[in-house]
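Alright, structures below, take your time with them.
First chain A sits with chain B, and in the next complex the same chain sits with chain C.
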Partner chain A sequence: MSNTHSVTFRAILRHVLLIAGAALMLAPFIWMISTASKPQTEIFSSELHLIPHRFALWDNLREAFAKANLLRFLLNGVIVTVSIFVLQVMVALPAAYALAKLRFLGRETLFALVLFGILIPPQATAIPVFLLLHKAGLLDSYAALVLPFTISVFGIFLMRQFFKTVPDDLVDAARMDGISEFGIVWRVMLPAAIPAVTAFGIFSVVAHWNDYFWPLIVLNSEQLRTPPLAVAHFRNNEAGTSYGPLMAAAMVIIAPLVIAFLFAQRRFIEGITLTGIK
Partner chain B sequence: MAQIELSTIRKSFDGTDVLKGIDFRIEDGEFISLVGPSGCGKSTLLRIIAGLEPQNSGQVHIDGRPVDGIRPSARNLAMVFQSYALYPHLSTFDNIAVPLRMRRLSAIERLPLLGPLLPGRRAKERTIRADITAIAEQLDIAPLLRRKPGQLSGGQRQRVAVGRAMVREPRAFLFDEPLSNLDAKLRVHMRAELAELHRRLKATFVYVTHDQAEAMTMSSRIAVMMAGELIQVGTPAEIYDDPGDIRVAEFIGSPKINILPGRVRKDGGIDVLGTALRLGCGAAAGDCRVGVRPERIELGAGPFSGSVVHLENLGAEAFVHLAIEGAGARLIARLGDVRQLPAMGRAVTFGFAPDAVRAFDPAGKRIELRVEQAERIREPAHV
Partner chain C sequence: MSDGSITIDAAIVPAGTARRSLPAHGSRRTYSAYALVAPAAALMLVMLLGPLAGVIALSFTDYQLGAPHFSWIGLANYQDLFADKVFWTALRNTLTYVVVVVPGAVIAGLAIALLIQSGTSLRSLYRTIYFLPVMATLIAMAVVWEFMLHPQFGLVNGLLRGAGLPAFAWLQDRSTALYALCAIGIWQAVGFNMVLFLAGLVSIPKQLYEAAEIDGASSGWARFRLVTWPMLGPVTTFVVVISGIRSFQVFDTVHVLTKGGPSKSTEVLIHTMYTEGFEFFRSGYAAAITVVFLVFVLALTLIKSRLADRGVHYT
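After this line comes the complex of A and B, so read on.
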């Protein structure tokens, strides 16, 4: 009797803790939606309420789309994240294949350097890379947003670990069948590694869609702005920040990721557990 | 159809010698098995023939032409792997089609989206389809062509792997323990199928296995390898009856050959377990080891005796394990008639004919024996 008692008590405690954690995580999002739905007067009122007295989401959205070219920014986000991901895969897969399946002098040293590369935060190399892009005359362009991220050491590491699990026999069979080494990467390894590529894709797209730091540094032109910069557009020191449209714009730019997550929820979790285990 | 010649092939990995100078000639159309315990270098040798692994020294000739430094696919050999190594994302049909597409289509024609639009591609795909259908009929895998490897059983995957090897009409087939992932029953079945395939194709088969039964039942010749060396090459009967080395005698045959401690007397005669055999040899006096196959041990009569410690009744035959008093040796005898099975723990006498004896010197090399024309060692039974 007392046993079942303690079990239910534990279950309740567990759920209370989980709900508290979830509430903490969700609070900024709920506040964002709440603010995006309020008119300006309610946002600045001193009393705190979640449900707006007057529902102003559509007005805020309209204003957000009028003030900034949101669709253009979303398109920029898609162009940049997709280009980064495609180039990362084109670099990481052959590199990972060589590190996992080919025997050559210095392979272990190279792999150690890859691991070392993971430890370096992008901010540490920001200024040299910025200067490099400046010398190359590439600042304020899509290239400036994409090029610095084409070599992903994390991607190389992740794919190398996955390729290690692909049996050598499969590679040898492909060689016997007359497939070239690059052919093996694209025709044999890539199809076998779709789960790992998906996992990596999720990380890459989320990181670069949400990246605020790098685009802020290298961009000047308004038409090249990525979605996070679009939100910053609504911050205005002179006229005061218009929070309603800002929050509405924030909702719009996170929407693609949220929708993608809902569609690919299972893959997403698979991807994260994959990187956790391997 | 090819003859493969290996001359003084050496290979080492990280300072360890895996192959210590292999000289060997595989005749055209032969089914040759490379057998040996794991780690003896047989798979490495196969991979060197295939071109997947470069040798440190020595040459490989196929049909008289050196192939060293030539890519695996250009050697035109086909290989069947232990894990079958089918491409998991392709259907059976596409798996078998890979080597044909690689050979018959140009690089542009193989491109994913553009390729199928090119003019010549259609006709080439038709010849590929015809070839695959013919192979699928032969191997009984026609209904499986649309399935992916994940949906096939072990035996079916095996057949698809053989199909992928056959479809390119290679000069020789290389098999790397292809049956070891199958269950026992299927393995026996596939043994017969592979042997039949060899008879039909009349192609050169090089077959690596650690299972002596596979080697005995399928091959025209067996090459026994131990610790990176080729110890003996011969027909299955020669290897079984006339082993040149004690390691060959022990490796081939199941249950294992009985090895008894013996002595070579000064006069060239041989003693086993204190009993003189009517055998002579030219070897120097000293210790030796005497091997007798389980089926040559005759129970119920003879100068030796032991007690039954274990019985294995297989229905059609039985194996009697005997402990020999005073010698600490164990011995296995095959009994053809299960109805005469002795009881556990009982003492039985046994003997063997002189021509059943294979003697080996302390280094493991075979000692030539001559049967002395005298009365047989088997004494009349006194029960």
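After this line comes the complex of A and C, so read on.
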């Protein structure tokens, strides 16, 4: 009897602690939604309340969209992240296939360089890459946002490990059918590697959608701004005056990824913790 | 995954006959191999390895963006750097940030993982909630945090006042600003660490707990000390190093919330590098800061591989 009691007590304690922690984790999200739903007068009141007396979410959203071209910034985010991912796959997949399945002089060296490249943090190469883009006259363009990330050594490593597990017979059979090595990459290896490519895609899109450092460095023009840059500028212009629209803008910027995450959590967690391997 | 295995099964049959034609096509395949790796190798050289060598080389020059010429100045940048009070402040603040965020995010991540794993109900709901901050754009959430920490209208001070406690101007006060950023850093990193720990916990064999119980480890704490903690050794090392490397890179929250202030109390290495390199365009000097940053990050990586070599396994 006392045993069952202690079991229920432990189960309750587990939930109490986890709910307390969850409240802490969710507090910024809840406060963001709450503030985005309040009119100015309620935001600037010293009395704390979560539910707005007058619901002003639509007004704040309308004002946010009027003050900043949020749709354009979201579109920029989509253009940049999708371009980066597509190019990463186009560059990494053939290389990963060659490293996994073909024999050629310099293969070990190349793979060692890939492994070494994984250790280099992105901030380390920022200055020379910036100077390079400056010399090429590419600063302040989509190209400046995309080009430096077209090479993902991590993607090469990940795909190479995956291709290692694909049976050689599959490759040989494709060769028998007269498919070129290039064709094998796209018509045999890619379909076999869809789960790994998806996980890498989520990892890549989340990383670049949320990236602030690089767009901050290479961009000047307002119309090229990516979502994080847009929020930062919105904040610099509006903070202290209109928190309602600012919170509404923040909501809009995080919405696409958060909604996608809630729909496919398992895949997202898998994809993002890929960095774990790094 | 299932699509892949179907193709594999279908393809295995004619495989035996394929071997014969291998030598004839060998050299052509070598050419193909080079063609396949060429784009990746070239981009790696231009965007990664070249720039890495470049940043080291630049740190020995007085190059400034837009200047007509530059010259080798040896270690002068480093001498300037080590004589600069701002650099030491930045280094001290970065280390403080790492020393606060890493234990905070690792211990909290482990505690949450253990709590989630200790029962069966609502597991995936909790996992989703705790992982949410990892997903959400940090810059957007930093702006939200800034408002939560607002001295007058913020949630945090509102709650403190409600409880009869003193309020703070968190981000505007030099004695609290860095710790406020640490709190945001921990909040953001906990979910990531939790997921890694959960994966580690799942892989611990059930029999070990049974064996420990037979040997008299009846309390939860004894089981944790005798089985869970040693078995999580490699995962823990890994999580600590990853958290360390990420904390060293702290920039976003600093740049958008404090710009290193007030009076340099939140100045961190990458922010100094950014200011010197991309606001004052003193590329050579900024490159020297980058090299110092790299040394720390690579040292952490080395510690990881050292510990991995020593073999942190207990089975």
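Note that the second predicted complex is superposed on the first by the 233 of 278 C-alpha atoms of A that agree within 3 Å, B and C clash if a C-alpha of one lies under 4 Å from a C-alpha of the other, contacts with A are read in each partner's own complex, and residues count from 1 in each chain.
Operating definition for what follows: contacts are C-beta pairs under 8 Å (C-beta built on N, C-alpha and C of every residue); 3 or more make two chains touch, one makes a residue touch a chain.
Computed from a predicted model, the values in this text were never measured in an experiment.
Participant: Looking only at chain A, is it chain B or chain C that touches more of its residues?
Facilitator: C
Participant: Is A:I179 in contact with chain B, with chain C, with both, or with neither (first, second, both, neither)?
Facilitator: The answer is first: A:I179 touches chain B but not chain C.
Participant: With both complexes superposed on chain A, which partner does A:A192 reach: first (chain B), second (chain C), both or neither?
Facilitator: both
Participant: For A:L170, decide between first (touching chain B), second (touching chain C), both and neither.
Facilitator: A:L170 sits against chain B and chain C alike.
Participant: For A:A250, is the partner it touches chain B (first), chain C (second), both, or none of the two (neither)?
Facilitator: second
Participant: Show me the chain A residues, by the header's touch rule, that chain B contacts in one structure and chain C contacts in the other.
Facilitator: Looking at chain A, the two contact sets intersect at 167, 169-170, 172-176, 188, 191-192, 194.
Participant: If we count contacts the way the header does, which residues on chain A are in touch with chain B in the complex?
Facilitator: 167, 169-170, 172-179, 188, 191-192, 194
Participant: Note which residues of chain C are touching chain A in the complex, please.
Facilitator: Per the stated touch rule, the residues are 1, 3-4, 7-8, 11-15, 17-19, 21, 25, 29-30, 32-37, 39-41, 43-44, 46-52, 54-55, 58, 65, 108, 112, 115-116, 118-119, 121-122, 124, 126-141, 143-148, 152-153, 155, 158-159, 162, 187, 190-192, 195-196, 199, 238, 242, 245, 249, 251-252, 255-256, 270, 273-274, 277-278, 283, 286-287, 290, 293-294, 297-298, 301.
Participant: Mind pulling up the chain B residues that touch chain A in the complex?
Facilitator: Result: residues 47, 50, 52, 71-74, 77-79, 81-90, 98-99, 102-103, 164 of chain B touch chain A.
Participant: Please output the residues of chain A touching chain C within their complex, sorted ascending.
Facilitator: Contacts found on chain A: 10-11, 14-15, 17-18, 21-22, 24-29, 31-32, 35, 43-46, 48, 90-92, 94-95, 97-99, 102-105, 107, 110, 113-114, 117, 119-121, 123-132, 134, 147-148, 150-151, 153, 156, 166-167, 169-170, 172-176, 180-182, 185, 188, 191-195, 206, 209-210, 212-213, 216-217, 227-229, 231-232, 235, 239, 243, 246-247, 249-251, 253-254, 257-258, 261-262, 265, 268-269, 272-273, 275-276, 278.
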